[in-house]
Amino acid sequence: MSFLAIEHAVKQFGGLRAVDDVSFSLKRGEIVGLLGPNGSGKTTLINLISGALPASAGTITLNGQQLTGLRRDKIARCGVARTFQLVRILPSLTLIENVKIPAVFGHKAHWGAAAERVAKDALAMVGLSERATMSAGDLTYIDQKRLELARALAAEPELLLLDEWLAGLNPTELEEGIKLISELRDSGLTILMVEHIIDAVRALCPRVVVMNSGKLIADEQTDKALTDPAVVTAYLGEDVDA
Amino acid sequence: MLEVENLTVAYGKHIALDNASISVQAGQMVAILGANGAGKSSLLGAIGGRARPQSGVIRYNGQSLLDMPAHKLAEHGIALVPEGRGIFPGLSVEENLRLGAIPKRAREGATETLAEVFNLFPKLAERRGQIAGTMSGGEQQMVAIGRALMSNPEILLLDEPSLGLAPIVVKEVFSALTRIRAKGLTIVIVEQNARATLALADYVYLVEVGRITGSGPAEEIKSNPSVERAFLGGAVAPVNA
Amino acid sequence: MTKLIIPLLALVALAFAPNFVSAYGLGLLIGAATYVTLASAWALFSGHTHYVSLATVAFYGTGAYCMAVLNEALPYWAVLLCAGGIGATMAALVGLSTLRLQGVYFVIFSFGLAELVRQLITWYEVNVTGTLGRYIFLDISARDIYWQMLALGAATIALTAWIHRSRLGMALRVIGDDEAVAAHSGINLARVKLIAFVLSAVILTLAGAITSPRYVYVEPAIVFNPTVSFLTVIMALLGGANRLWGPALGAVPLFLVFEWLSTNFPDSYPIFMGLLFIGVVFLLPDGILAGIEKLRARRKVQS
Amino acid sequence: MILTTLILGLVLGSTYALLALGLTLQYGIARIMNLAYGELTLVGAFVLVAVFQQLGLSPLIAMILIAPAGYALGWFLYQGMMRPLVKRSGARGRLEVDSILATFGLLFLIQGILLMLFGANFTSISYLDRGVNVLGVSVALNRLIAFGICVVAGGALVLALAKTRWGLIMRAVALTPGSAPLVGIDVNKVARQGFALGTALAVVAGASIAMYQTFSATDGVVFTMKALVIVIMGGVGNVKGALVAGIALGLLETFVATAIDPGLTLAATFAIFLVVLLWRPQGLFGAR
Amino acid sequence: QDDTISIGYAVARTGPNATGAGITTIPNYELWVDTVNKSGGLTMPDGSRRMIEVVEYDNRSSNEDLVRTIERLASQDEVDLILPPWGTGANLAIAPLMARFGYPQLAVTAVTDKAPEFAARWDRSFWMLGGGHDYAAGLVDVLSTARDAGTINDKVAVVSVADGFGIDLISGARPAFEEAGFELVYDESYPLGTSDFAAIMSEAQGSGADSFVAFSYPPGSFGMTKTAQSMGYNPKAFYISVGGAFPIYPGIADGKAEGVMAIGGVNADSPAIQEYFARHTEFVGNPPDSWASAITYASLEMLAQAIERVGLDHEALATEISTGTFDTVIGEVKLEDNQLRDLWWVGQWQGGAFRAINPADAEGASTPIIPKPEW
């Protein structure tokens, strides 16, 4: 039974079809990589799922419930959490406040001590506990990314959408990041992650979907996809030595 | 050509860069490697006029850059592609590129440079009329690099140019860098994609928590085992340069 | 606990103040209480969301108009009730359609709204009722007006305090920082903004209704005076719009300084007032409260 | 009848558009939300009258002198008053609030000075107010001059912004000042230019208003509000938008006054303004 | 304290009312104080003289500030007398306060049909500028005479400003015109703040009416004049309201004010008025307006004479103003039911002076010039 089902999703910007008749689905607990060249429509697809943009056509359902047509906050309360390709934190709030927001307004709607606990756990998960009372605007870029993930986690989501969350990490940090995500996967979270770092995708995702010019060009096992000629020409480049 | 001596950059009480010195020879490609938050962008930003250093000296062809307002740097042939790209999202791709050619040194021959840039990034030629802000992340990165090239720089400061780019584009960017370098441009690059960078660079500085902790010719650094572990460990998107 | 006791004592003291002051003193008290109420109510919505509203006088004036229209037909308390209801309805209608506007677009929109209401009332009166200008001959003393305004102001601040601790306040702050994040975190933007806007509007409308008997004669050009909107914004910002006591702390001194200037320099009052404004912006950039905090912090460092 | 409405509306609209041009530059490029804008136009109007009455200079020649003087005034205002605010404000929202507050003060300051110098009286001159036949409709010559100035200034601005390097720089600063130094643009200089040019346009608009309208030292707010509505309706910083919105408002007002009820002209102005914003929250030609 | 009399007023120096106040109210207050003090002060019943000391505030054109300032004058400065602000709304706003503090209120610049009611409600208030229907009736009277003489047709185009004043006038004028057999072929109101009158004037021009009537404020009166001139609109009767009697009007009309009718008027041949005009011109720098200025000044003269007769006691003063007869620049004045009824309703520019033409049977009335010479 598919948990997240995307059926014939279309997003049109003027004359440009950024997402063009895309269909695929995720099983509960699955972690899938969403690949594709720059501008192929990955972020747009994430935006469609999370409700940031209304779909021009098609339907998206989560656990049988239709998401298309719902407001962003409703979708969030259905258990969908996301990060942004360009980080968006709440600069005037402290870290703990940042993280508390989805705990309070998310689908579990905690308040008081419970919200505090969820927020603290989420911060601990990404290793920002000591800085809980710092102002979020003072964080480095990478810590802001961490904070953003913590915020997504504090929503206690069922589906996590990551948009290039690993980008910009150096190899050591990358390893840590991969470990973190794999822990999340092991905890049973369903994850759809956009990523350009192929090693990370290989390490985390047994299956990938690949987009090109808005269309789905592959939906298969990672190994197979990465040698798929269509994917190679469109995305990886010919002389990949993998 | 470029001398940085005892540079300290602080944000409030927080010292981002502590007494750092580097030197770049004309025609060289210098790489700066280091963990996140190590202070690489602060270093590059100080040279490019985006960050005000606490103390230290930056000399460019014998001239002190610190007395110069940020907007004068382009006129002296210094072009910065900052973290986050710094493009004009509300303008079209072509307008962004044309803005790159504002310094007097760039005006003459701007048409040829534009052709070169389009040649380097054919996608930009295709999308020249698109509003840059509606382009994907990778496309915007191309605009940023293309715009820097438009200013006919002597020295190009690149802050993580491959961030968020598809492997195929990363390859393109690095092969473009090879070509740019071949034209004699001096380049200072900050990158996480260490392997590809080291393959290109002449000289490397290592930065850790605000201090320069090592430096040497790229060949040497590449074979240094501790560097290998820290920066090349989980071979990242390998590239044949 | 002291946090509660001091304001309560102050409230009691203020309630007895009319016994000790002249008619003019009472007038000052009324004016100050009115602006404290307006600025606090304004900040209730705008302080955290950063939606700078210039629609204050649209509601304030509507309140005054309600009083003028209904004071002969209904008992006083019923008029207030009606005014509140009308303010709420108006705010809900406006809010539903406008709260998606961003930044300066909202600022000018809200200003346009005040003008539109004024023009429509004028047109209606001229063409339908055939009169313009209404009279409020109510037997309400200045003291009664003062007490009502004091109560309304106190209620506004109490409500703000409560909101600051509630989910609503939290949501408002998030909205002020980044609406997209707020929405993706599960906050119903429209509802949160609307609730705050309506609450704020009801208070503004009531304030207009309560003070109007003091002016006897009500006409759109008089009650929809845009200066009220501007003064409200400036007072709230001067004190610190996102703090509980900020608007009050901005309203009182500014009100008194204006009064002092206009009584002592009737000829050159606008010049002084202009200089004062500019001076405040330059010297107290984040509002009085932030300025005081900064000063304290510096003291602490020194000692 | 339709033709009359059309011509009168166009003429009126062009005076509105002219009034709004300067503000859209000041807000668009220098990012100063200038509430004292109307007072600046009044300065232009009063100076024109003074020069006309005291020195007997023809208003058209006076206007040529007033424009650079306005530029200088704007230059100093920006450098002395706005620049420190711009300097200390990192994020955008901050400057908006600061400039609203500071220019609200400036409004009173200028108004006070005008009241002191010229008193509260109505001021008016008669210059070139004979009617001219335009397609059978009689229009005052001074209105046609205002129309001409609007067409010339607006057209030149639109062209310059779209086609010239200077225009590209202006737009770049208007949209993303943070990135401008990267390409060698001196943001401060450009912003100062924008503000000064805006002020020059404001005084020219004021001077041309002085030729056909009675005014007094307390009228500034009226001008500011009209200009604000037009600027916002057209899309902030968008010169073309300001032109279109100004002319649209002129046509609308004239149409409402003739076909519906003059009592509803201002209501219609604000109603259409609100409708436009609801339909296009960024104004008619707003970016994003 | 005893050798001076303190007189306070809070008139608009800034904001929308500043123009009206700056033309009609403030100059006359200043002129009067200057005249009185130069002559040695106000005469008290015992023959002693006391100088006037002025306490002056700006009401910022806001009733909220106005009310508070009156409270200040009464309860803090404890001035002996308070002079009223400019404007109908302002006078109404302070009326209850003046009544409460017992001051007589010489409400001059207030035009309201409810004057009798107000005079009865606040018995120390005096309403001295009539009501809208008075002026409307006067105008209809002038036009009827011309129509009966066959000079103009029976069609009238009328516009009115949408505020209390304009509405009072138009609602008085409509029945009066109808009764006199006129047809209102164009009858619209326009909002306060309108600055462009091209559309309105062009409609009026096309309406076929010989008479153009505007119940307007100065910006409108001036704007309509200029627009009519530039479009060559030459109605046989051209009437505007506030502003038409201002000294700057002929300049605004580009020297072609001859025949323009407006609200108010003075007996331009009266030596007292001529002397007043001269004094005003010398002191202020320009002549007074020919409507409410003289009445404002007259109200102050009444005050001075009343003080001379009964002293400063507010009650006695009010009674004296209400019942006494006074000699002023507008002639002998006696109030009826606390109102000044002996007013000029319509005036006209004739030979460079604004002369009263209605009521036609009153002493000093000039003969109307209709049709108005072309611009």
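Letters are used for the chains, namely A, B, C, D and E, taken in the order the chains are written, and counting of residues starts over at 1 for each.
Keep this in mind: contacts are C-beta pairs under 8 Å (C-beta built on N, C-alpha and C of every residue); 3 or more make two chains touch, one makes a residue touch a chain.
All figures in this text were calculated on a predicted structure; none of them were measured in a lab.
Novice: Could you tell me which chains are in contact with chain C and with chain E alike?
Specialist: D
Novice: State the chain with the largest centre-to-centre distance from chain B, centres being mean CA positions.
Specialist: The most distant chain relative to chain B turns out to be E.
Novice: Taking mean CA positions as centres, which chain lies farthest from chain D?
Specialist: Of all chains, A has its centre farthest from that of chain D.
Novice: Would you kindly tell me how far, in whole Å, the mean C-alpha position of chain D lies from that of chain A?
Specialist: Centre separation, chain A to chain D: 47 Å.
Novice: Compute the distance, rounded to whole Å, between the mean C-alpha positions of chain B and chain E.
Specialist: The answer is 76 Å.
Novice: Could you tell me the distance, in whole angstrom, between the mean C-alpha positions of chain A and chain B?
Specialist: 29
Novice: Mind checking the centre-to-centre distance between chain B and chain C? Centres are C-alpha means, answer in whole Å.
Specialist: Those two chain centres are 52 Å apart.
Novice: Considering chain B alone, which of its residues make contact with at least two other chains?
Specialist: Not one residue in chain B touches at least two other chains.
Novice: What are the residue numbers in chain D that touch two or more other chains?
Specialist: Residues 111-112, 115, 261, 263, 266-267 of chain D touch two or more partner chains.
Novice: Among the residues of chain E, which ones contact at least 2 other chains?
Specialist: 13-16, 162, 189, 191
Novice: According to the definition of touch, which chains form touching pairs?
Specialist: Inter-chain contacts occur between A-B, A-C, B-D, C-D, C-E, D-E.
Novice: Within their complex, state which residues of chain E touch chain D.
Specialist: Residue positions touching the partner: 13-16, 18-19, 21-23, 159, 162, 188-191, 193-196, 198-200, 202-203, 206, 218-219, 222-223, 226-227, 229-232, 243, 246, 248, 251-252, 254.
Novice: With touch defined as at the start, can you tell me which chain C residues reach chain D in the complex?
Specialist: Answer in residue numbers: 50, 52, 97-98, 100-105, 107-109, 111-113, 115-116, 119-120, 122-123, 126-127, 226, 230, 233-234, 237, 267-282, 285.
Novice: For chain C, which residues count as touching chain E in their complex?
Specialist: Residues in contact with chain E: 22-28, 30-31, 34, 119, 122-123, 125-127, 130-133, 135, 137, 142, 211, 214-217, 219-222, 225, 227, 259, 262-263, 266-267, 269-270.
Novice: Residues of chain D touching chain E in their complex?
Specialist: Interface residues on the chain D side: 1, 4-5, 8-9, 11-12, 15, 111-112, 115, 119-122, 124, 126, 129-131, 137-143, 212-214, 216-218, 222, 253-254, 257-258, 261-263, 265-267.
Novice: Can you check the complex and tell me which residues of chain B touch chain A?
Specialist: 14, 33-37, 83-84, 123, 134-139, 141, 160, 163-172, 192, 194, 230-238, 240
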